[in-house]
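In the two assemblies presented below, subunit A is common to both, partnered first by subunit B and then by subunit C.
What follows is the complex of A and B.
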């Protein structure tokens, strides 16, 4: 029986299949209106990669915002539980994971056995989320990758609100149209800092503990991760494919269930 | 302005609903007799309030944790402002309207929602007009300001009972003078004299009731827990409404006996009972059923509510009724929890967690409660030291738009998964 995890996020859906040696295949697809269809698409892509099919013996755990709507999963698990398993598998020394997703940020504490010991999340406001960064990139008329590169050139940062995405947007517009305009790299650094300061307040809520991993799509943003490291005071670990940490964790829970004989 | 008949209809809704529940509970073996008694008591409380003015009775509105033994001793009809506003909102399903009315009269959403509902209920004319308003700083800034809108909107006079947080001799003397002044005020306003013998009787009843609260709380240490998790709210309401009254003693004695029988039969609230939970703060009252349902899916049972059930040490002396009123204020669980945050409180929480064999704590962090917010981190750290994880569940006691049901369910699921994983 193969262990499979699916994380249905608000922007992307991720799937991971495990075999005895580790990750056999993984995929990331855009989330559509229906979680079930997105999950099927991710599953199909992953099964194709692994040379498997729906008819094979699969044990599926689903997680994420749409995880509960998946009819073909044997069990649904909370994102926090799966993140703990996934990040511990990737980095056994990790004690805290910062998951920065499209619409929310979640901070988890992980014990030495890869079990969740505490968490805090922010899902009330777009400020601090991946979608917020996408909006800012649109406003700055550049790609997310270019924004990240530009931030490395900043010598200081513009003041951008960290409490409200709407205020932050109008502040960025005012920086752009100021005479003389605020240097673009400083605006970008300010945007990243506003995201990081929200993340830091969540981290402090559960207590910062080394080693720290950063997962989720936003972890691909090297400029933001650098500012996060400056604020947190030490280097953080970023997996090669940070988006799949929760799906990986779900697959690990599926494998545990297979071993325990849980149907 | 709403007419007196319409005002009456809101209170009538409570009376009718409570009577109906009490009637439907009768003769059903699966429903506890204490449940029936409780709703009959509520129906009687509101029935008396409903007819008070016509029968020439004197009505005193009062804020939360007020010593109602004094009012009953003077034959004054009490009207608990916050709980009456809540019940009006809950039984008539109008909490959203009342919150919206409170916004129209200028109350910001950051203000504690029970007080917003109270103001909304007053502005909408849903509460009977009291003869006087009694309010105090028991136990927060909201209650300290809670009397003014009642007086403004009802056009009645009022008395503010200034209750010190500390209990030194000096402060106790001050509180006693405050109580004496309040009695003088009530005598003058109502034309009724304080019946000191009756107050002594009420204090004797309250002393017995506190003994029963303690005994009931002790029974919750039993594994599996025999205590219906939502019933902490009944205990809370019984003290708020009926302190010192024989019907409250009857209710508590019946409930205590029922718990003993449940224990004797080896029955528990969850089967199997997997997680024993301590609840801190008031859960969202409209979501109590949903919270219990999710909890039971995981075999989790709330077995301790220190905010409402952990009475402080001491006895009341009917021979010294006013001193006993003061003593009771200092012993009240909420006073212990919301009084000065010191080692006494933290030790109590640790002991409570140990005695009740707690696996995890849920802190219902009511967004409108600034005092509660200040204690969250300290309480969490203290419980972490004894390896009891704590979920901070940001929510609102009444306003479900702050944290909707699905969000609450999801966070609880995450927490119970955390407990499962340990």
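What follows is the complex of A and C.
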């Protein structure tokens, strides 16, 4: 029996297959309007990679915003639980994980056994989210990767409010059109800082504890992670594929369930 | 007597011209990127067809978020005061105003004379602002003017999980894909906005005589949902969008007549005793809140405090008001001994002494 985890996020759907030695295959596909279809697409792609098929004996656990509406999963788990499991597996010393997704930010604290001890979450406002970064990249006519590279050159940062994504957009436009225009790297640093300050206020709600891991698609922005490190005051750990941490956690729970004989 | 009020908002610029207390012209223009140009364009549009020119205007007051960039205005007044004054002209019974503008939303209490008694503002989130409705109209591909009427046709409003403009937009798109009727999406959004406005109104005192001003008050679907949420019939002005500019024009008229002149905006701190008058006067219309006077005063009698509208203004510290003459030697002797003092640093010339 193979353990499978599927994380249906608002922007992408992630799937991970585990065997006894570790991750067998993983995939990331973009989420459509229907969670079920996105989950199927991610599942198929992962199974193909692993040389398996839907008919094989699978134990599937789904999580994420669309995790509840998956008909073919054996169980649904909360994102926080899966994140705790996933980040503990990736970095056993982790006590706190910052998951920065497309539409939500989740902070979890884990104990030495990898169990969830506290969490905080923000999904009501686009400021500080991955969608916000994407919008800003579009506005600056840059790729997210170029933005990250550019931000390393910044000596100071433009003042961009962190309270509303829509208003921040007008602030960025006025920085671009200012005479003389604010250097692009400073604008990017300002954008990153506005996201980081949102995350920091969420972190402070649960209390910052070492070691810290950063997961979710936003963690791919190295420039943002650097500013986060500056604010938090120490280095953070970023997995190789930060997006799949929660799906991995779901697969880990699935593997435990198989071992325990839970159906 | 010709006076004008001009309201440079974040999305629209409004002007009202009054002749002896009656409106002879009013206009609504788009706000351009340059406020100075916008202000000239707006006032010229308002004067167009009246046979008047800018020189004929005896006094003009500017308000709105771009009010400091109106070169021809004699004075600036905050939009909160202007909305209260403007609605009072239509109906002096109004005590609660909900001003729904392009980029912010305000709840205001005022008295029978149109003076602000309390207010609260939300300008930190685009949810529920005019900007938000513009975004939604664009997504639904419906002209902004029509979304109000369309929402009225809805029988079942779709509940929205969020008021965040960015998330609501993507939620609306996904509803559209699922084939939900546009009118139901609009009604759902209006409902979400109305709930948020009600929360704002509850923070001030929500009185029965209630009015809605600003551009969104023209959106019938929104007004209907607000009426439902608040449970009160709003008293709407003929054109709720020009209320701020009208209020500014009414202030201009008062200044011209010499009633409630700038003197009213001057705050006097101090006292009279047997030896003379000891007052420090701060002209709050002039004070730009720079804060220079606080460190400049050798006796440290000033402090910066937010006024009714949240703007920082210089004030004389409460603790020293009753012993002012002992701490402050007065303008002349202070200037002799100190090169830097409140008068020398105040660029706006907003501070004066009686001794």
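Definition applied: the second predicted complex is superposed on the first by the 263 of 263 C-alpha atoms of A that agree within 3 Å, B and C clash if a C-alpha of one lies under 4 Å from a C-alpha of the other, contacts with A are read in each partner's own complex, and residues count from 1 in each chain.
Definition applied: a contact is a pair of C-beta atoms (placed from the backbone, for glycine too) under 8 Å apart; a residue touches a chain by one contact, two chains touch by 3 or more.
Bear in mind that the values here come from a model prediction, so they are computed numbers and not experimental data.
Participant: Overlay done on subunit A, so just call it for subunit B and subunit C: clash or fit.
Facilitator: clash
Participant: Mind working out whether A:154 is in touch with subunit B, subunit C, both or neither, as first, second, both or neither?
Facilitator: Neither partner.
Participant: Is A:241 in contact with subunit B, with subunit C, with both, or with neither (first, second, both, neither)?
Facilitator: So A:241 meets neither subunit B nor subunit C here.
Participant: Under the stated touch criterion, which partner chain does A:116 make contact with: subunit B (first), subunit C (second), both, or neither?
Facilitator: A:116: touches subunit B, not subunit C.
Participant: Between subunit B (first) and subunit C (second), which does A:94 come into contact with in this model arrangement: first, second, both, or neither?
Facilitator: A:94: touches no partner chain.
Participant: Report for A:166: first if it touches subunit B alone, second if subunit C alone, otherwise both or neither.
Facilitator: In the superposition, A:166 touches subunit C alone.
Participant: State whether A:177 touches subunit B only (first), subunit C only (second), both chains, or neither.
Facilitator: second
Participant: Look at A:125 in the shared chain and tell me whether it touches subunit B only, subunit C only, both, or neither; answer first, second, both or neither.
Facilitator: second
Participant: If we overlay the two complexes on their shared chain A, which of subunit B and subunit C does A:228 touch? Say first, second, both or neither.
Facilitator: Touch partners of A:228: none, neither subunit B nor subunit C.
Participant: Now that the structures are stacked on chain A, which of 95-103, 203-211 or 239-247 shows subunit B clashing with subunit C?
Facilitator: In the superposed model, subunit B runs into subunit C at 95-103.
Participant: Take the contacts of subunit A with subunit B and those with subunit C, and give the residues found in both.
Facilitator: In subunit A, no position sits in both the subunit B and subunit C interfaces.
Participant: Quick check on the complex: what are the subunit A residues that touch subunit B?
Facilitator: Those in contact with subunit B are residues 77-81, 84, 115-120, 205.
Participant: Using the touch definition up top, name the residues of subunit B that touch subunit A in the complex.
Facilitator: 377, 389, 392, 410, 413-414, 417-418, 421-422
Participant: Quick check: in the complex, which residue numbers of subunit A touch subunit C?
Facilitator: The contact residues of subunit A facing subunit C are 33, 103, 124-126, 129, 131-132, 135, 161, 163-167, 177.
Participant: In their shared complex, at which residues does subunit C touch subunit A?
Facilitator: 33, 103, 124-127, 131-132, 135, 162-167, 170, 174, 177-178
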